[in-house]
Amino acid sequence: MLKEIESQLNSFKKINKNRGRLLISCLDQPGIISKISKFLFSHGANIIESNQYSINPHGGDFFIRIDFEAPDLIDKKETLMEDFQPIAETFSMTWELHLVSELKRMAIFASKDLNCLRELLWQWQNGDLMAEIPLVVSNHETARPLVEQLGIPFYYLPASKENRTEVEKKQLQLMSEYDIDVIVLARYMQILTPHFVASHPMKIINIHHSFLPAFVGARPYERAYQRGVKLIGATSHYVTNDLDEGPIIEQDTVRVDHRFDVDELKKMGGNIERNVLARAVKWHLQDRIIVHGNKTIVF
Amino acid sequence: MLKEIESQLNSFKKINKNRGRLLISCLDQPGIISKISKFLFSHGANIIESNQYSINPHGGDFFIRIDFEAPDLIDKKETLMEDFQPIAETFSMTWELHLVSELKRMAIFASKDLNCLRELLWQWQNGDLMAEIPLVVSNHETARPLVEQLGIPFYYLPASKENRTEVEKKQLQLMSEYDIDVIVLARYMQILTPHFVASHPMKIINIHHSFLPAFVGARPYERAYQRGVKLIGATSHYVTNDLDEGPIIEQDTVRVDHRFDVDELKKMGGNIERNVLARAVKWHLQDRIIVHGNKTIVF
Amino acid sequence: MLKEIESQLNSFKKINKNRGRLLISCLDQPGIISKISKFLFSHGANIIESNQYSINPHGGDFFIRIDFEAPDLIDKKETLMEDFQPIAETFSMTWELHLVSELKRMAIFASKDLNCLRELLWQWQNGDLMAEIPLVVSNHETARPLVEQLGIPFYYLPASKENRTEVEKKQLQLMSEYDIDVIVLARYMQILTPHFVASHPMKIINIHHSFLPAFVGARPYERAYQRGVKLIGATSHYVTNDLDEGPIIEQDTVRVDHRFDVDELKKMGGNIERNVLARAVKWHLQDRIIVHGNKTIVF
Amino acid sequence: MLKEIESQLNSFKKINKNRGRLLISCLDQPGIISKISKFLFSHGANIIESNQYSINPHGGDFFIRIDFEAPDLIDKKETLMEDFQPIAETFSMTWELHLVSELKRMAIFASKDLNCLRELLWQWQNGDLMAEIPLVVSNHETARPLVEQLGIPFYYLPASKENRTEVEKKQLQLMSEYDIDVIVLARYMQILTPHFVASHPMKIINIHHSFLPAFVGARPYERAYQRGVKLIGATSHYVTNDLDEGPIIEQDTVRVDHRFDVDELKKMGGNIERNVLARAVKWHLQDRIIVHGNKTIVF
């Protein structure tokens, strides 16, 4: 990694050494917030921002994200988690505690179209995406100079339908070796097997180049052109085993008109794709997303 | 019709008595624009705004819309059309000449949800949609007071799958009796038969409550909710025999989030629906739309 | 009021009879949320949605909005308020408790341009704005039929620079007589005196027909046309004694181009105005807004 | 310049060797379009896209942009210009003929904030901005690696209020030496003297980091934060001697809320800035813009 990026990340970790985030979902019951906030208070934590939402207050689903500060958080983390366990059990919570200073380790998978990869690397370099990027994997050599000039290891693993299993094995080894938390498919264009998906559930973020569920599958711009739509869009979602059917994180659209041919739709769409993907990744890195069934709550 | 609306329309017709619009499509060939503009000049017409577009200049499709003024246009119309005929034949043109002062006669078909009907009537009353509205047809009584207070005849024709043929017969009689140019389905919620559609080709404008081609067919908001989309939309299109597959005129989307239930999606979407439909109707009334295959050119 | 609207409001009040909202702002200190949530829990309240935000966790400002349900809330209100008082004092809170079933009483001030008034009345009729509307005041007769057909008393009070004091006296009498909670200036076009403004601090909502702070003051569309802007906008804000300088609640813009003359800018802008104002009013009615200095927090 | 970019530009020039654009403005008079189209036809030109607009058809201003193809255009250019001269004189036209294959020579002026510069270089590399970029000038060394890795000469000319005249002299020398057609100020942050501006009238494109005319001048984000706006924007305009008052080419806005501090407004705004500037530059390079008084017509 380039020195200047490294020092930027280090300074971010230092500033945020006492900052944590608690993400909880469970069935709604009286007294949950009271219990959580008492717990945080008793451990010296001060809540900075909290957002809570219940689908149905009478026994429906309850979701909360709490952004807090607590002195000596890094040392205290284990204690906090142990002490919270009984509360979590009482309410049968699904929960996560994240320290902002423990940057997520993000792998990016790319292909020949560098549009999305470039945006991610740029925003990262610019201090907008706070993560470690230990490696970029691609089935083409195209991205190598862009990646290596930032000091990021680049792995060229030519992938196709034929060698999928073998390639995925190597990829999973790399993910494990580099201790990866989140995988971003920046127009990777290869379908992942259920085995790969199962290894990182709700940790693989994809960008699809259409406003889903319109134009699921291949060649969405060509089909958008044929249909004569007046807006084109992009959708970022977590990858599941159903193609383009995973929980949607973010979407956006942009106006086009009859003068746009397929190539111009692609150029226009590329701009939406990179922005939508970057927002989705940012929200994931900031622990803003709770997956609920096949939907996301983005706080 | 209310006196104040009538006098508003009359004043518009007077102001625009010399204003016309020429819409042409044909195969592209050298010299078309030269011929057309020479023709207009020789008839004393001054071009106010013109927009031309060719899909492929080497023998592809050519489209033009010309907005012009010519003295004594109303008297001259027949001559203009006769004189233009030979040019049209030379280039095998599909063409229309519209006089702005000859207001289109627009029928609105509504049902119980008055959202879109209200917007159209309001914009009409406000001078934003320049048309005659000789009647509103509905399969419910709900809209009667709203319609009749503007002095517009209201026809209650309860329609269902069972009596479709019979009802359409009456509707077509009304369309003919009132000499209707364009039919707007303002959330009419009934499927039209091919017979009805064929009677007004590319003159029936529908609003579909989703961003097509996502959620074709029934209950789009329910399905949008299930899918967890982050934007909802609406699409206005000309009606063809393929449900929700006609040429798209206009679309728009609006941001929603996890807090929206189906009812709130509907309320949010209703706002988009009425604006999208009103824009599509306005463009049709202003002769801005050329249909080309299953697409529209909107100048 | 029309029977159907009345019954719609009554049904809303019934459904929401146990629903309340707590809005709090104070200096940030440890333990606030813990105290509030314990208080609500001990009074049998279940939190449905809560949003909290601190400008600076180290002694900065703290804001929270809690949407909750509690059995027998209407009977319990007084007790709740008394019991909360000591907590409020401990933390020097500014706070409000609202019962959703206690609909706000909203007066609308209009003039000749009915665009915004119509949108408000329509959304109200449609069940999107939950409030009583005991009266509409106008300095022109134009709106009378529109208002009276909904069964709302209409007061024609011709206002001008000359008789401002006298007219405002009558208006204040009406506000007091009808026990008004919030006043919406739906393109009222008259400047209010400091005396009037002081009588309803942060309870008067205005719509300004530009994207503030661009084009403060008179004739914004004319000035937008002169400047050749590519977007026009509208701003809804609370009224203070500084013209167009009060806390902004909501803003939006829409694209225009060189073909728009001043009248068309006005038509285009009118659509933005009414939507921006309706959103601002809705958020106010839903107790989503906390005013902080000259800004708003909109939860 | 990198070989791959060079070959991309060369291939673009080859494909478009017969493509030209005619931009005309004059007082509206009958027969203009007829004359122009006859002229083009008689020189073998086929019109691909044409857009015409008159502010007022009765002697107001007339503007047209014609995109055409003509065989052997490069060889024919001189003849075309000579032959068009008499027509131009008859109607007192201001006019320009551009060959798409004669790429404009664009200089970029940057400073420390590389956001806009990066977007321009990226879109250029990606084939979205068709121009030669013979040099980048900056008053800081920050951009050097980014610029030089694309094979573009980088000139470091530290500029300040004190040495403005001297620095501008060098800059003008460079502009002349490199035969520059258009100068883009990509957050250059230095005020240009009237002498410099006069040397390239309506050929210097600036990006201002606010929605003009809101927040003219310095520190717009700080002032937007103070004012509590709900949208922030950016404006691209031609530079004149009145600071931030030149003809606006493009503007856009994006939604923000109370949680954004000044730094986050800047990050959010940066994304709008770079997109707005890139669109404005693209339209300039495509000869889509006619300046009329202090406004632009963008076809």
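Going in written order, the chains are labelled A, B, C and D, and every chain counts its residues from 1.
Here, a residue touches a chain if its C-beta (ideal position, glycine included) is under 8 Å from a C-beta of that chain, and two chains touch if they have at least 3 such contacts.
If you're wondering where the values come from, they're calculated on a predicted model, not measured in any experiment.
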{"item": "Shortest path length from chain B to chain C (each step joins two touching chains)", "value": "1"}
{"item": "Label of the chain whose CA centroid is most distant from the centroid of chain B", "value": "A"}
{"item": "Length of the line joining the C-alpha centres of chain B and chain D, rounded to whole Å", "value": "37"}
{"item": "Between chain D and chain C, distance of the C-alpha-averaged centres to the nearest whole Å", "value": "43"}
{"item": "For chain C, residues that touch 2 or more chains besides their own", "value": "49, 53, 259"}
{"item": "For the chain C and chain B complex, residues of the former touching the latter", "value": "49, 115, 118, 122, 126, 128, 149, 259, 267, 271, 275"}
{"item": "Sites on chain A touched by chain C in the complex", "value": "28, 30-34, 37-38, 40-41, 44-54, 57, 69"}
{"item": "Contacting residues of chain A [partner chain B, same complex]", "value": "53, 211-215, 227-231, 233, 247-253, 257-259, 292, 294-298"}
